[in-house]
Amino acid sequence: MGCSVEDVTAAVRAAAEKVIAHRDELVELDRVIGDGDHGENLHRGFTAVLAKLDGGGFDSPAAVLKVTATTLISTVGGAAGPLYGTAFLRSATALGNVSEVDGRQVVAALEAALEGVVARGKAAPGDKTMVDALTPAVAAARSTVDAGVAEVLMAAADAAEQGAAATVPLVARKGRASYLGERSAGHLDPGARSTAVLLRALAEATRQ
Amino acid sequence: MKKIINDPAAVVAEALRGMAAAHPDLLTIRTDPAAILRKDAPVTGRVAVVSGGGSGHEPLHGGFVGPGMLHAACPGPVFTSPTPDQVQAAIEAVHGGAGVLLIVKNYTGDVLNFETAAEFAAAEGIDVRMVLVDDDVAVKDSLYTAGRRGVGGTVLVEKIVGAAAERGADLDTCERLAQRVVAGTRSLGMALTACTVPHVGEPSFTLADDEMEIGIGIHGEPGRERLPVEPADGIVRRLVDAITEDLAFKRVLLFTNSMGGTPQLELYLAHGIAERLLAERGITVERRLVGPYVTSLEMQGMSLTLCGLDDELIDLWDAPVHTAALRWGC
Amino acid sequence: MKKIINDPAAVVAEALRGMAAAHPDLLTIRTDPAAILRKDAPVTGRVAVVSGGGSGHEPLHGGFVGPGMLHAACPGPVFTSPTPDQVQAAIEAVHGGAGVLLIVKNYTGDVLNFETAAEFAAAEGIDVRMVLVDDDVAVKDSLYTAGRRGVGGTVLVEKIVGAAAERGADLDTCERLAQRVVAGTRSLGMALTACTVPHVGEPSFTLADDEMEIGIGIHGEPGRERLPVEPADGIVRRLVDAITEDLAFKRVLLFTNSMGGTPQLELYLAHGIAERLLAERGITVERRLVGPYVTSLEMQGMSLTLCGLDDELIDLWDAPVHTAALRWGC
Amino acid sequence: MGCSVEDVTAAVRAAAEKVIAHRDELVELDRVIGDGDHGENLHRGFTAVLAKLDGGGFDSPAAVLKVTATTLISTVGGAAGPLYGTAFLRSATALGNVSEVDGRQVVAALEAALEGVVARGKAAPGDKTMVDALTPAVAAARSTVDAGVAEVLMAAADAAEQGAAATVPLVARKGRASYLGERSAGHLDPGARSTAVLLRALAEATRQ
């Protein structure tokens, strides 16, 4: 029922591939209200993650998340690098050294990720950032806490997608889009979108 | 998109190769992670001044590495801040035993990545301080934004603090000096055209033939206000007004900066107008810098920076500097 | 047309006002007729080196006025050579008793106007010589054209001859030196975009999104060959090939020049490629200059110049220079 | 029958005004195969000429042409400044100190102008320059040598217009257009055009 090291590796790999495939969409979203590099940044970072995962030799799910975190931190740059890096690092810490991850632990990992992102970036819900995808994702995950990993992640992904979509009318208050003031309204936040893409890929990978 | 490049993903690496070839006596350029270092680094017993940020703003920051200014610059990908590992490697390469001052433009990405690097370096026992440059008056309300951005004023902070470090000022002194310069510096920029990031392939925004953008950032971010184009007199007046309304100045350094694609003829023309407007306001221009120093790729446009001066700052500004982009006194 | 200007007819006059404000200690700027003069001119007992030409190529020539380089520059209207009266006035202002060397880019208009000025000045008893710079290999057959044009190489001639004059070389020596540098210098330029002359109001030519122009002049003249855009490797190879086929080089100064609108990132990238290609051909790069020094307003593009060096020329290149655009050794 | 100082002043004034009115056409012609300044250069120069003529006080037709020459030389710049300056200067010299100009003297003045332009610019007929307008103008003037001033100038203007038009297919060998090589073919030479405009205006002014 739970996810082994292999399952987690496969899921992170699937998430990496999905984000890489969404490069152009994320570039375009960021071009409009930011500086156009979000898709390129994540493309660079998750390409490096895939190479690291190829190396193998991970003895726990946490080890997989940790190498993902450090690789993102050392290759992504920009705002997203430290934020996603922190998210994965905190998730790894939340898992401890369990060898199988269950739904409850996924919820704990997502909670830790959100806390980490907020601690670093100081964004509140409604600021038009990835926090607007992650916050409803955590809430939805919590409400399915007794379900399996895939169900938890599926609920999180659904909520993240809705949360991302809900950033469209918002006026940005954090990150580069905030410089646009009112003109940032009417556009999807790239980081919220990439969070939704990541969660959807994790959910689909663990369902199989 | 038309650019003199090969693979868009390799632009920065290839440009660094060319920069290394162009300045063999002045710079050591490392790749993986990328760093532009003073040839004679580390300078023992001196505070090391380190900066960096996304590429595409050249000569900022690499063009300001050398005696009397920066000890190292960390170039990220185009418009993307460098990573913590990269900054940490640069810190370790130039640390001369007297601590390291990081001069960071205030953008979320830069702040987070340099902050992380500073933590790493501190863990290695290096005394690292970080000063944020946030001189852009285009960003009005810092409560509802990521705060003022760091733009043109950065080069002035780097020059002045670099001179102090070169003379042997300690880390506390350098840090306070940097904060003082930041506190007394304000900038505002405008664009006639947008720029195109190589990996994006299309302009970061579009302006009609009769439009200009006031308050643009240096990352191709559109500004806060789109207006019909005006004669130079009107454009420069807007910039001077906004800056002098934000902070009162008496003696200043006036920095007239090209965003990259503006001809020098237009830049001097604008500079002359700014001098006249400042004179009308009773502000004394004691030093000037005119040129493309903090750019946004090929963007046409300009920014003005005013930096309040006193005798100490003038003396540090005048001190010898030897870098690829700024050189005098040696 | 979007430019930071007021009245198109007043662009040069207003830019000169700004330039004067920017460099109060270095330059004296006269209007009517316009001239940019060394603050300390005339320098008694030294050959006065004078250049000039149409405006729009800044920093050429005004940015190269100062100790160790030019004594005076005569700025014409944008892309239009100055008049004889203007040149004559500059000659008289900086003549220090040891004769005057005119460094003139080879264009019909420049040649005719400087020639006339030289006649006027000779009639006043001043020993005036004129050296034509014609380094552009784009113009192949001099029998059926106005001859090779003067482009990027001009700045190298001005620097080297200016250093000799500063050291006290006599007029014959300066003239022969200038001819020798010209004879050993070749350039070729290319453009990705055209530029717009203020009083014309539209681009001097049009290039499609996938076209580039090889062999462009610095007056917005289209070149000889329009080709599909290529990666930087291909572009730089074309320039290096054409130059090295035209003249054999062994030890050189490599000057990688921006036409005005090309970002420094791209320019360094191109410079790195040029260094590699020259190394492959066994040509030793002993000195480099990289930047926007001979421009064509906001044109995006670049030129390469190779200047054959020997120990004497290297020594003169390295000699101190203090101008708005080039400065070292002081 | 001949032209007095006043007539010559009026004719030069008319020519100046006509060239000024053709500024944009000449800019456009020069933009295509040169550097786009020919109209602006002549506009600047002939505006200065008008101001000089306002001063008055000329004691001979030659004096009018001479002040026109020196004003053009000191205000036009470019290739056209010294060339038109020389043309007017040589014309003035050819007239000597006559107080009335007749058809024969106009022919001599035009011949001198052409010689001056060729001496300075070294262009041959067919090089696609103002010489291609001036050469046939001189030939046509010669063939009407016994006619009055207006007839001579009318013939010269007709020939200059044809000569200018005939520059279209030529490949330029002198001046800035020569850098274009083959690509200069298919376009009217701006200097040939301005020569035709000047001669036409002189002819019309003297006819009245």
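Think of it as A, B, C and D in the order they're written, each chain with its own count starting at 1.
Keep in mind that, in the parts below, contacts are C-beta pairs under 8 Å (C-beta built on N, C-alpha and C of every residue); 3 or more make two chains touch, one makes a residue touch a chain.
These figures come from a predicted structure and were not determined experimentally.
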Chain C and chain B - chains in contact with each:
none
Moving only to chains each one touches, count the minimum steps from chain B until you reach chain D.
2
Most distant chain from chain D by Cα centroid:
A
Whole-Å separation of chain centres (CA-atom averages), chain A against chain C
54
Per the C-alpha centroid definition, the whole-Å distance linking chain A and chain D comes out as 76
Can you check how far apart chain C and chain D are, centre to centre, with Cα atoms defining each centre and the answer in Å?
32
Going by residue number, chain D touches two or more other chains at none
Out of chain C, which residues touch more than one other chain, so two or more?
78
If each chain is a node and each touching pair an edge, is that a line, ring, star, complete or other?
line
Which residues of chain C touch chain D in the complex?
54, 76-86, 107-109, 112-113, 115-116, 138-139, 144-146, 149, 197, 199-200, 202, 204, 217, 219-224
Residues of chain C touching chain B in the complex:
2-7, 11-12, 14-23, 55-56, 58-59, 63, 78, 192-193, 209-210, 212, 229, 231-233, 235-236, 256, 260-273, 275, 285, 288, 290, 292, 295, 297-298, 300-302, 327-330
Can you name the residues of chain D that touch chain C in the complex?
27, 31, 34-37, 40-41, 44, 73-83, 120-121, 171, 173-176, 178-181, 183
